[in-house]
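The same chain A turns up in both complexes below, where it pairs with chain B and then with chain C.
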Partner chain A sequence: MNALYLAWKYWTHYRFRSGTLTLCLALTFCAPLTLKWITSGFEKSLIRRAELTPMVLGSPGSSIDLTLHALYFQTQAPSEISYSEVDALESHQLGYSVPLFAKYQARGFPLVGTTLDYFSQRGLSITKGALFVTLGDCVIGAEVADELQLNVGDSLLATTENVFDIAGAYPLKMKIRGILSTSGGPDDRAVFADLKTTWILDGIGHGHQDLESSPVPENLTFSQSQTQIVANAALNQYTEITESNLDSFHFHGDMGDYPLTAVLIFPDNQKSRALLLGRYEGSETTQISICLEEVRGLLGMVFRAKQFFDLNHALFVGVSILFLTLTLALSWKLRQKEFDTLHQIGSPGSFVIKMLVAELVLLLIASAVLTALLSAALYGIASSLLKNSIF
Partner chain B sequence: MKSKNTFSPYLHSLGVLVTATLLAGCGSDKNENSAGNISETSSTPSQSLELPIKILTVNYPLEFFASRIAGELADVSYPGTANSDPAYWTPSTEDAQQYQQADLVLLNGAGYAQWLDKFSLPRKNQLNTGAAFREQWIQETESVTHSHGPDGEHTHTGFATTLWLDPMQAIQQAGAIRSTLSRMLPESSRTFDQNHRELIEELNHLDSELGNLLAEQINEPWLASHPVYQYFGRRYELNLRSVHWEPGQELGSSDWEELDQILEEHPAKWMLWEGEPAETVASGLKDRGITPVVFEIISTQSDGKDYLESMWENFNRLQTSINKNKKSP
Partner chain C sequence: MEIHIRNLEFSFSGSPSAGKREAISESTPFRLSIPKMELTSGSHHAWVGPSGSGKTTGLRLIAGILQPQTCDSLRIGSQELNQMPSRELRLFRAQRLGLVFQDFKLLEYLNVEENILLPTRLSKSKYSVSELRERVVHLLDRVGLKNKKHRPVTQLSQGEQQRVAICRALLLRPQLVLADEPTGNLDPTSKTRIMNLLRQECSEIKSTLLVVTHDHALLEGMDSVTDFSDFYAQRQEGKSI
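After this line comes the complex of A and B, so read on.
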């Protein structure tokens, strides 16, 4: 008689016992496996994002804050740098740069002011609509669109830092020009607009009633001379950029002085990278952060913590396996009569071994399947929780 | 008893095997943490360019320079209309999207094309052809709001923008275009170099002839109907002052009074015009001993003439006017 058949019969006859053993084994392996998947996915995603963004230029301060700000838009940048840094970077002709100004939010999601190069550099594509074209346009990540139930053509209100700042800029109603395809990264949970749009939020640019070409209503005038009109607070400042008022929007001051929170740098090659690092070494106004090094440093801390959990799991698994071995050994001892009967009816000594191995294999296969299912379910839940709460 | 002895050693070994297998399985991930051999080479924007490459410009002179240098390797165009001043033209959304999708967008620099402040273009596709001589841009001191044509009111502030009216600056702009094209299409760099050389020769010839023609006018007072000849005036060392008159525009008494005041301290004999002045204006100028000379600024192409043809026409009109003035007592 087939050993596997007998093993299967034994397994199905003692369903409860077999099921309990399978569940015990599955639960024992499920936790470390899920943790391994999560940490491995977390690591891969962090490393990949860092690899795609070799260097970040920003103001001096915490380099990890700067890196996480530039890569994930979550942490505040140490401080601001001026736009002239982008021109200075490009004057070296050692690579290519993408400026970022991520200081504000739109309905709880980070609002990232950047240039269109960001999308080509990150390989992001549009699933609906188009990339931003004019001031006041924005493009939203796939998860932003899902969560806020927004579509192309809808409006999204960008909010300034502090609602109690009465001298601050007005909130800006932006028009959604496009929705990004899902990328599986932080870009899915961000809102993107042209740098100039975010500078309007910062109060550097604005649009208002034209005081030069038409007679100025008295209630708007604070003082007036032949060369200068000073309007009072009743002057209507636009909080939405439309085709009809687009021309009235303008910026004050030198663009080189406008703020940025970070600049992503993509050096042409390793030599350019080294030259850039050399040129910014010792700079008191800026710092260059090497994303991969920063992320590896961060992961180093995470993995030191993980080692503790790994040890804990190893002990737990070891104890569970010893218990299982004991259980099986006792079970085999209790089944001695059954083995004797098999021997007496002519089964060779190796047949019993084959049958027990078959039972074990069945147990391991069932446990492996159940472990995979449980781990997949746990991984799904944990990764979505982690994605929303960490990056 | 016998049977016990038969199976006991096997059972023991099997128990050890189970234990060892399971323990080995759970220790497998010990040091699979950080990325190991991650390459630190950076990524650069990859461009796969299809010929002819698409180049859009913000005015006609840049379209001309790029067409001459790139030849058939590029499809060069300026999407604005001929009757609209590119400095104050605003593109439609579709036009702006065309600019976004172009392989190269040629900018003039000096704050030219005010629409650039209100639209989004990728940085990597832009070439500011005037950036190399940024220090030489002329800061405008006047700020007057006025209107002409279909573009509505506008104000001249910031930098003077007509860089291309100085052939030497045009040469620098052309040089920037050649370098960028050679970087984009290195296999065609010899073609670009050859085309560029020919263009530079023609621009140098034009500059030399203008220099000879205006050599006697160095530091002489000249007038301009509009503040658009700053670079031209600086190149040939003309003592140039501008008013804000438009071709075809009739002038009021205050305009003439303003001119008379200027003439008291700036006795100019010529006034440069972007187009023919109204007859009454031309007559009023002649009464004051001023010869109006049309010197097109060529920001858009007119009557199918290219940049060099228009500049030579400008030269001929200047030459005729100066020679006529020499003959008359």
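After this line comes the complex of A and C, so read on.
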């Protein structure tokens, strides 16, 4: 205790010196520690989501793009597949499928067209309001609500955001029906609507002034026959679905041809999984991606890059420890007179060693605490940055 | 506590005043020889001699910090230092000796009170904490530093620092006080004051006082004075004396 007392006295007397050493050590260790925390959190998060989504069906091309699109809605939507693929999957009776159409955005957040099954499969719950019921309704993630300061009953504008598509669909003003509870995943930063609502954005469905009532205003018709009326550009197309115009919204063509960007597949068991893989093997129009394999492949690349950083950090830590050793050795040499004094007035030979060990322990404890605090702060900043860009 | 020395010989190849650490150096061959010395208990003694004559070395031999090469007897009180294991020597130094150094040797990171109490941190004391605190107050009162108990020693003058060092040496009421040039770094007024203080305090606790000095002005009032020039010899290269 007396050695610790003297070590503490020394340590607190030379605050600047002790603080500098502590900070140096903390800075040396906080970078690799933070990187480890981040990669570990990143890995866990990716793996957990991939495990919850065994397979994804999409158009042929990059399977990693398809997986990341279906799981995180962040990467560019791959080429589309038709809704008939969902019917085909269901006809196999090998599992459960959830269609996704995530092509557009709403105020910078991905707009995901899906069915209500998505929420039950993901285990998402509503914290306020209800799930979407009618065309034009949407449900927003917790972070979307927080960031855009939106509440149930507010409106949210979904846009195609394609300046080159002059003839494209109009923006759609959606009504917020509910807000999802925080899930800690990409669902927090997404807007969900019924598939049909997102198809309206794609121009497949629309609502406009009634042309079937007579007489049809002449200024709206381009041509008219017994069976067909072709309207001109003056026709008022609705950009908001309300109770009064809901009935005017309609879709053209066969639903089986409507686009999807991906279909989440939840096979009943391993056998169903194997059968599904077999059935889609060699398909030229679709591909099945096994999420866990894709994510592990992606993580493999990330961790190969991390190995380089680890090596770099190991060298950095090694050099810092050598500098620390040199600093302490020089400090102890400079304090030789003090140690001689302690010996001369009766300290045991081991006392000085105990005192130095106590000083080192104090330094390590303070550094560890500071490292943890700095790492936690860095982790907080880094994970929020990563959340915005990846998760 | 009386001191009894018979045929003590100590030699090393470094400067005699340089002490233990330089003892392995081959630069300055040196030999100290004390055939006989008796210092009575409770008396005040002074060792004088030119710089480098081995006074500090003699003091360190008595304190058990250095070991003589040959010695028929080096007895302090009833204890023969020659036959004491190092652990007992350390305890002897901690509990029965009070050491005052020329450069005070106070720890900068402790305040006045903590410096005085330092010996109790290094070995067990027979006094209770409250007794020790009372003793510190008493000593500081005697040396005129009562109001500077919590002050860092770096904020004290040299004279004040030496008074703190004396308080530290006297804290545990040692039977023998060894003072190595205690006034060496002080101005003339402080020198007299410090020496008087040291003598008074030692008389009060009936300690034997042994002061090393080369300042003859401080010898007044001492019971005996020994000139160390008689004991010291420096060898010429390769020749023994």
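List of remarks:
Going forward, the second predicted complex is superposed on the first by the 384 of 391 C-alpha atoms of A that agree within 3 Å, B and C clash if a C-alpha of one lies under 4 Å from a C-alpha of the other, contacts with A are read in each partner's own complex, and residues count from 1 in each chain.
One rule holds in what follows: a contact is a pair of C-beta atoms (placed from the backbone, for glycine too) under 8 Å apart; a residue touches a chain by one contact, two chains touch by 3 or more.
Quantities reported herein were computed from a predicted structural model and do not represent experimental measurements.
After overlaying the two complexes on the shared chain, residue contacts for A:150 are found with neither chain B nor chain C. Touch criterion met: A:13 reaches chain C, while chain B stays clear of it. By the touch criterion defined above, A:345 reaches chain C but does not reach chain B. Judged by the touch definition given at the top, the superposed model places A:298 against neither chain B nor chain C. In the superposition on chain A, A:5 makes contact with chain C only, not with chain B.
Between chain B and chain C, the partner in contact with more residues of chain A is B. Common to the chain B and chain C interfaces on chain A are residues 340, 343, 349. Put simply, chain C touches chain A in their complex at residues 21, 63, 65, 86-87, 90-91, 93-95, 97, 99, 101, 105, 107-110, 114, 118-119, 121-123, 168.
Interface residues of chain A, counted against chain C in their complex, comprise 2, 5-6, 9-10, 12-14, 337-338, 340-349, 351. Remark: chain B residues 3-4, 6-7, 10-11, 14-15, 18-19, 22-23, 25-27, 29-30, 32-35, 38-45, 90, 93, 96-97, 100, 117-124, 145, 153, 155 touch chain A in the complex. Taken in their complex, chain A has these residues touching chain B: 29, 32, 36, 39-40, 43, 47, 51-52, 54-55, 95-96, 98, 115-117, 120-121, 130-135, 137, 194, 196, 212-213, 246-247, 249-251, 266-270, 272-273, 292, 296, 299-300, 303, 306, 310, 313-314, 317-318, 321-322, 324-325, 328-329, 332-333, 336, 339-340, 343, 349, 352-353, 356-357, 360.
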